[in-house]
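As written, the chains take the letters A, B, C, D and E, and residue 1 is the first residue of each chain.
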Amino acid sequence: MVIHPVLLIAIPLITAFIIPIFKKYGAAIAGGAIAFNMGYAIGIFFHVYSNGKIYETIAGFNPPIGIFLAIDSLSALLALIINLFAFINFVAIGKEANYKFSMLYLLAIAGSTGIVITGDIFNMFVFFEITAVASYALIAGKKDKKALEGAIKYMVLGSIASSFILIGIALIYSQLKTLNIYDIAARIASMDAKIKWASFAMLLTGIGVEAEIFPLNGWVPSAYQGASEGVASLLSFAPSKAAIYAIARLMLVIFPFHATYEIALWVGVITLLIGELAAFMQEDVKRMLAYSSIGQMGMILIAFSLASQDLKYALIASLFLIVSHAASKSSLFLLSKSEKMHGMASKYAGIVSVLSLIGMPPLAGFWGKWYLMLAAMDEKLWLVIILIFFAGIVETAYFARYLHRSIGNDGELSLRYKATMAAMASFAILFGLLPLVYKIASLPLWGG
Amino acid sequence: MGLHNGDKMMRYEEWSKLARKASKRSLWMVHFCTGCGAIEMPPVMTSRYDMERFGIAPMATPRQADVLLITGYLTVKTLRRVIQVYEQMQSPKYVIAFGSCTINGGMYWDSYNTIKHLEKYIPVDLYIAGCMPRPEGIINAFLELMKLIDEGKARGWERYQKYYDKYKENQRRVFNFEVKEEEKEEKEQKREKNEEH
Amino acid sequence: MLDIIFAELVVAAIITFFVREKLAAIIAFFISLLPLLALLDWASNYGFAIINLGIENHMKIYLAGVTLHLAITPLSWFFALMILPLFPVIMLYSYSFFKENDGFFALMLLSLFATFGILLSRDMLSLFLFWEMMSWSSFLLVYRSKDKNAIMSYLIFSVFAAFAILFGIIILWHENSSLLLSDILNISGKLGFVAIASIITGFAVKAVIMPLHAWAPFVYSKCDEPFVAFLSGGLSKLGYYGIFLFLFSLKGVDILQNYMTNVSWNYLLAVFGALSAFFATLIAILQDDLRKLLAYSSIGQLGYIAIGFGIGTPLAITGALFQAFNHAFFKAILFLAAGIVAYRTGKWKISELGGLAYKMPFTFMATLFAIFALAAIPITSGFASKWLLYEAAIQQKYVFIAPIMLIAGVGAFLYSFRILYGVFLGENRHDSVEEAPKSMIAALFILVLPLIIFVVFPGYMLDLMKPALQAAGIESIAHTKFAIETSLAKYNSIAVLITLMVAMIPAFVIYKARKHRVTSFEDNYLAGEPYELHKPAMHAANNYYKPLKKVLLPYLEPGATYYFEKIYNGIKCVSNAVRRIYTGYVQDYAIYVVLFLLFVMGWLIWI
Amino acid sequence: MDMIGIAIKITILIAYAIIGTCTGLLFMGIGRKIVARVHNRVGPPFYQNFIDVAKLLSKKTNISHGWIFDLALLFSISGILLTLLFLPIGGVQLLSTDGDAFLVLYLLAIPSLGFALGAGASGNPNAGVGVMRALVMMLSYELPFVITLIALMIYYDTTSLATIVRMQSINGIKSWAITMPPFMIAAFAADMALQGMLMEQPFDIPVAPHEIASGPMVEFGGKYLGSLMLYKAIALVAETTLFVDLFLGGGVVAHGNFAFVINFIVWLALIFLLFALSILIAASFPRFRIEQAFGFYWKYEAIIAAISLIWVYIMVIK
Amino acid sequence: MNFAALTLPCYITVAALLSIGLYGVISKSNLMKIFISLSIMETGVNLLLITIGHIPGGTAPIENANFAKYVDPLPQALVLTAIVIGLSVTALAIAVLISYYQKNGTLEYKEGMKW
């Protein structure tokens, strides 16, 4: 198999710009492209799984000068998740996807995948912007008051964030004259301390807006609430996961210091608590799920910050949490289209998703919590452990309420829609039972 | 609720003498106290006359009692209750009617609503005359009843079984009870089913 | 063999999900017999001797990168003997209970799978894994009830329990760097104390020890009866299995005592057990909902097991295990019988039922036996277990616990009679009710058998639990087939039973000496009033213990549920406060962003 | 044990069952006489209760309400005989070495439960209410009773009634439990509990004839009522004997050959005294309400009993 | 390359632009003004990039005879990209604002979804 990771970005990007030509068949073409991308992502995942890291340079320039793509276990898994769920989600959206929607969808996918596989920090910024612009448009695409409001909030915060990211990049560049993440990581020690920290703060704030960390996540509830189900589902697995991946790179590769670890850890803990507590009283399902997402992102952030302390359990934990959250949350967002769960498939999807989020074995969410606990135990973070438990109980409480409220038969979802939800939820089981995540997390990371 | 009857009459003579003796010395009574004569009961029970020395004790329910003491006049309404209580008692059982009212209506002889001749509706073993009788009279009546039991002459309950239909008919008449044919048959069947062993 | 059973259970669970209800019941019945066969196989291979299977005999399962160790031990064998027979019985019962197959049998088989897994687990991770599988498979069964309180309280408490156990397990893992149960001993001090205490707390939730019982009344009173029979009879025993495992088999008692020698931690467990026995009994007396009554009665009866474990002497532990065994069976009978009553009449309120004994004589008889066992009447095995516990409390001179236990035992008479009178005796209110279907009756009487066997031969029960106790280093108490002897007194079951039989002779002579006539229900003494006039007021079961209620209710009013609700509402308030952060104004959010930036910069640069 | 031994034992058991029954009936008659004297009446002859039982058992009609109703007859007599035979009587160990005080407590429940079943099966609401009252009474008086019981048990470090009696009879009257100050208090509490157990006034709430038509017994007549009277007679003996065994050394004052005759007489005297005491209390007090009785036992009596228990506990710990 | 090489006025301008932009976002309630403020911020960031790449006395990075000293070309490339992105965001924002105006009849920001 010829491995060209660039295709993961190129195919959706090119297709996105072809689609307006074939308006009528736009959705079908987009579907084909996403399907191809999914297949390709799976291929790359298993390639990395068996052969290790992949590097690809673009346009012949070698790093550190040229732009290059680097795929290690972490990126491969995230690329797989983004493209896999993108495809399933697209199937679920089905006829609602016209050619404009498909184009934006492809752009969002391309951007998210780009963030995950790029090795260049400015490139990452560009992909961030592509993802963000596509997301704004997708959210606003529903064109009702709520959607527009959500989009505007996202836009305002996103624009501030992009400025901060750019400033951060500029600060790094001013010192090191390089944009290659490898290069930066290698020479980070030579940076002036204040500028180093300032750039870290800028980057964390900027990416943090996308990664839904508290208190940068003001847009999250509104955007999720305003967006249509398919878009909310997309937001929950593509941009946010890519952004948290970027923070992980920041933590693991560029700034692997104790101070940054501490900040990320406590920001993660606070995000977790605030998210879960805010979700506790929420009446609107999508808003509740959005807050719950915030909480989950906090937990993932905790896992990554622990991973930066070179704890293998934390990395496994974070990957399991990402998988579980992507599978469960996207499934639940799709389910929020109907007030009630009706029929076997949708019941199955709803319950499995909730159980995985709560952390019931042998679903993926359990392994996430389990390894996170082990990692936190290694660091003797008693308070963190207890707070995670507390947040878990709060989460259980509102999900229990949610489950009770969605008993009933008065919904109308098409069979295909329900099947896709069930397929998404199945990945929580699949990844929980198979040793894929465990194995891949123990492979060495690039730059690490 | 006609339960106590029997075409084949059980004969009181078959009872052993001991049973009669025991029965006579342990008369438990349930007193039906709607009439004015009830006022005479407390002295009989308490220290002045103390009927417990003869083994007579007041009981709360007809299931436990041997003697039904009717203290005075009965109306149509109370008669129904008396009959029910009587039928719920377990034989051998005795009835003592108390005061003139139960004999001939007494001072209510011309009332449209009182029962004049109690004997017509339930078998009375012993009457106590007077309006109203003194406690001595009551004690005396009990002693008389004991004597009758000992001699085997207090057999009102057997009479009630033997002439059950007649008693019922009288009762129905006073209750203005129109008996339909089917209902009669039903009662008959019920009676047969509950026939005494 | 184990792997085959596991595989068959899963496959059967999937199959039963899709087939029709009768077929599903039949499949489930036969499949649920398999684990019992495994038990018998083990018993026939190894006898009742103490065989602690070596590590090489473990079965291993690889799952998501970890290895699970499974093997059977004497302790798990004994508990399996207690819990697993419930499953085929429940399947048999459910054969006619359910109108349509909506996943009950599949979920029950999953529960069986998880139960079997818990009992076989030899490392903490697999114990936890199967424990949680049990939690969610039972949660899905609770979910079928569609009752808000039941769903929420069960899930929240399950997760709380899971976290408590998880907390203990990770501490143990961290200290021992091993998850095998055989390695747990190398821990002491504060951490060991916290770990053991937290694990015990977690198991106590499922073992419904007050004040962690708040979920039980909701769940027990709303779910399908066959499931509740398992929940009360089986699942609670798994909680006690966990407590026994960590306290006695793994010597958690010593860990607790070594940390703080001047406090008797065991005694604390006993006190909680005593409190749950006492208060749950009093609350049960005042209930009108049949299922709620049984739920509280369950809590009370399970409290005795906690007392036994808390006292911790061989005598007490023997009594507690015996009580656990009895409770599994008699409480299952009671819940199944309650299910039959509801199946035939559709009513739950005791005050609305009545007079079913003559309509359903067999159900009544089974219930009567169960109630004899519950009330510890010495003609069922329920007495022996309570007797052992009383003896243990006196032996240890526990002057606080012993009277409470005894008075709770008396309280059991009160609510047992309420069931008997309110449901089965009293006014005949259901003319068209029939006896339950044969499969249900059969299920009940299968469960009655052990109660009879072990009253005649209480010694056999002690023989059965002997290997488990010896494996935990607890000596078994002196006994023969019929008699149990302690340092304080002796209990000879056969003397009681034979004397009772003999004493029946004069009673029977009196009974037969004179003939009697059976009268109809209507022929009742009501001060001469005809029955028709009194019809609505005939049954005294409405508000039965009213005088007691008047006295007790002020003391019982703010129950544990009240405090849990307070906590819940407190979190609600915090939540309301927290979500005000999201003001809805994008300007505020922008301020947050700037503040966050400044905060991070400040932290990194100046601190 | 050889066959002759078994035969002798069975004979003794039967003898004691008959003695218990007769004693009970006799005492009930004497009790009625005493009450009558207190009321300044003549009262029935002392053998009145034999006549009553004979009459009831010879009634021609006996009305039953079905087979559960009949359980009352079967269980009440057999259960109470069983209890009686498990008690040490006048120092004679019948079967009491095979059981202990807890067994006796629970055996006492068999006749009550059978009785309650029968009462419930009759369907009479009065019976239901009566049983409810009886059960609440049971819950009430058992608390002080079990506390005093436990005080004795931890003092003598045994639960066996036989051992308690043996240890109290070592030095005759001097070693009776009641001679010790804590057990004097306990005995007072237990005697009040006994009053409730015997269902005498002021605790005759369950049978209150004027309120609920004699409560559980409302549908009992003929042989059923007769058997209940027998049950009550034996229960009287059994319950007072339990008290005597616990506090008065089972009435054992003498040791040696034929000492059992003396002991038997002392036992008889003691249970008669206890019964007479209870009858005298009954004759001079009106009836409590059920809440009052519950409060009485769970507040005052329980505190009195608890004081004795704590006292004993401190003694034992030292 | 060090701090001393940076030109102070440019940095002051950058700081001013960023502050003005943030102030606008925070204080204004008219959405149009908010987005204009965002554009101002972007301009500030772009200026920062240019300033970083600037070498005092350097020429434009165009290949010619005497390119001994020229400014860093990469930041300028970055700025070009950033401008394009900023433009697209602004365009999209305006499109969204038009819709917003059509729905609400005003561009004043009203609280909608909260808590």
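The rule is simple: a contact is a pair of C-beta atoms (placed from the backbone, for glycine too) under 8 Å apart; a residue touches a chain by one contact, two chains touch by 3 or more.
From a predicted model like this one, the values you see are computed outputs, not experimental measurements.
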| item | value |
| --- | --- |
| Common touching chains of subunit C and subunit A | E |
| Common touching chains of subunit E and subunit B | C |
| Chain occupying the middle, per Cα centroid | C |
| Chains linked by the largest number of contacting C-beta pairs | C-D |
| Between subunit A and subunit B, centroid-to-centroid distance (C-alpha), Å | 94 |
| Rounded Å distance, subunit A centre to subunit D centre (Cα mean) | 78 |
| Intercentroid distance (Cα basis), subunit E paired with subunit C, Å | 67 |
| Whole-Å gap between the CA centroids of subunit A and subunit E | 27 |
| For subunit D, residues that touch 2 or more chains besides their own | 58-59, 61-63, 213, 218-219, 222 |
| For subunit C, residues contacting two or more additional chains | 515, 517, 519, 523, 525, 527, 579, 582, 584, 586, 590 |
| Shared interface positions of subunit A, touching two or more other chains | 152, 156, 160, 221-222, 278 |
| Contact pairs between chains, per stated definition | A-C, A-E, B-C, B-D, C-D, C-E |
| Contact set on subunit E toward subunit A in their complex | 1, 3, 18, 21-22, 25, 31, 34-35, 38, 41-42, 44-45, 48-49, 52, 72, 74-75, 78, 81-82, 85, 88-89, 92-93, 95-97, 99-100, 103-104, 109, 112-113, 115 |
| Residue ranges of subunit A touching subunit C (in the complex, touch as defined) | 152-153, 156-157, 160-161, 164, 193-194, 197-198, 200-202, 204-205, 208-209, 215-216, 218-219, 221-222, 259-260, 263, 274, 277-282, 291, 316, 351, 355, 358-362, 366-367, 369-370, 373-374, 377-378, 385, 389, 392-394, 396-397, 399-401, 403-404, 407, 431-435, 437-439 |
| Of all residues in subunit C, those that touch subunit A in their complex | 62-66, 125, 128-129, 132-133, 135-136, 139-140, 143, 146, 148, 151-152, 155-156, 159-160, 162-163, 166-167, 170-171, 173-174, 568, 571-572, 574-576, 578-579, 581-582, 584, 586, 588-590, 592-593, 595-597, 600-601, 603-605 |
| Contact footprint of subunit D on subunit B as seen in their complex | 4, 10, 15-16, 18-19, 22-23, 25-26, 28, 46-47, 50, 52-55, 58-61, 63-64, 66, 88-92, 196 |
| Of subunit D, residues touching subunit B in the complex | 32, 36, 39-45, 48, 51-52, 54-55, 58-63, 209-210, 213-214, 217-222, 225 |
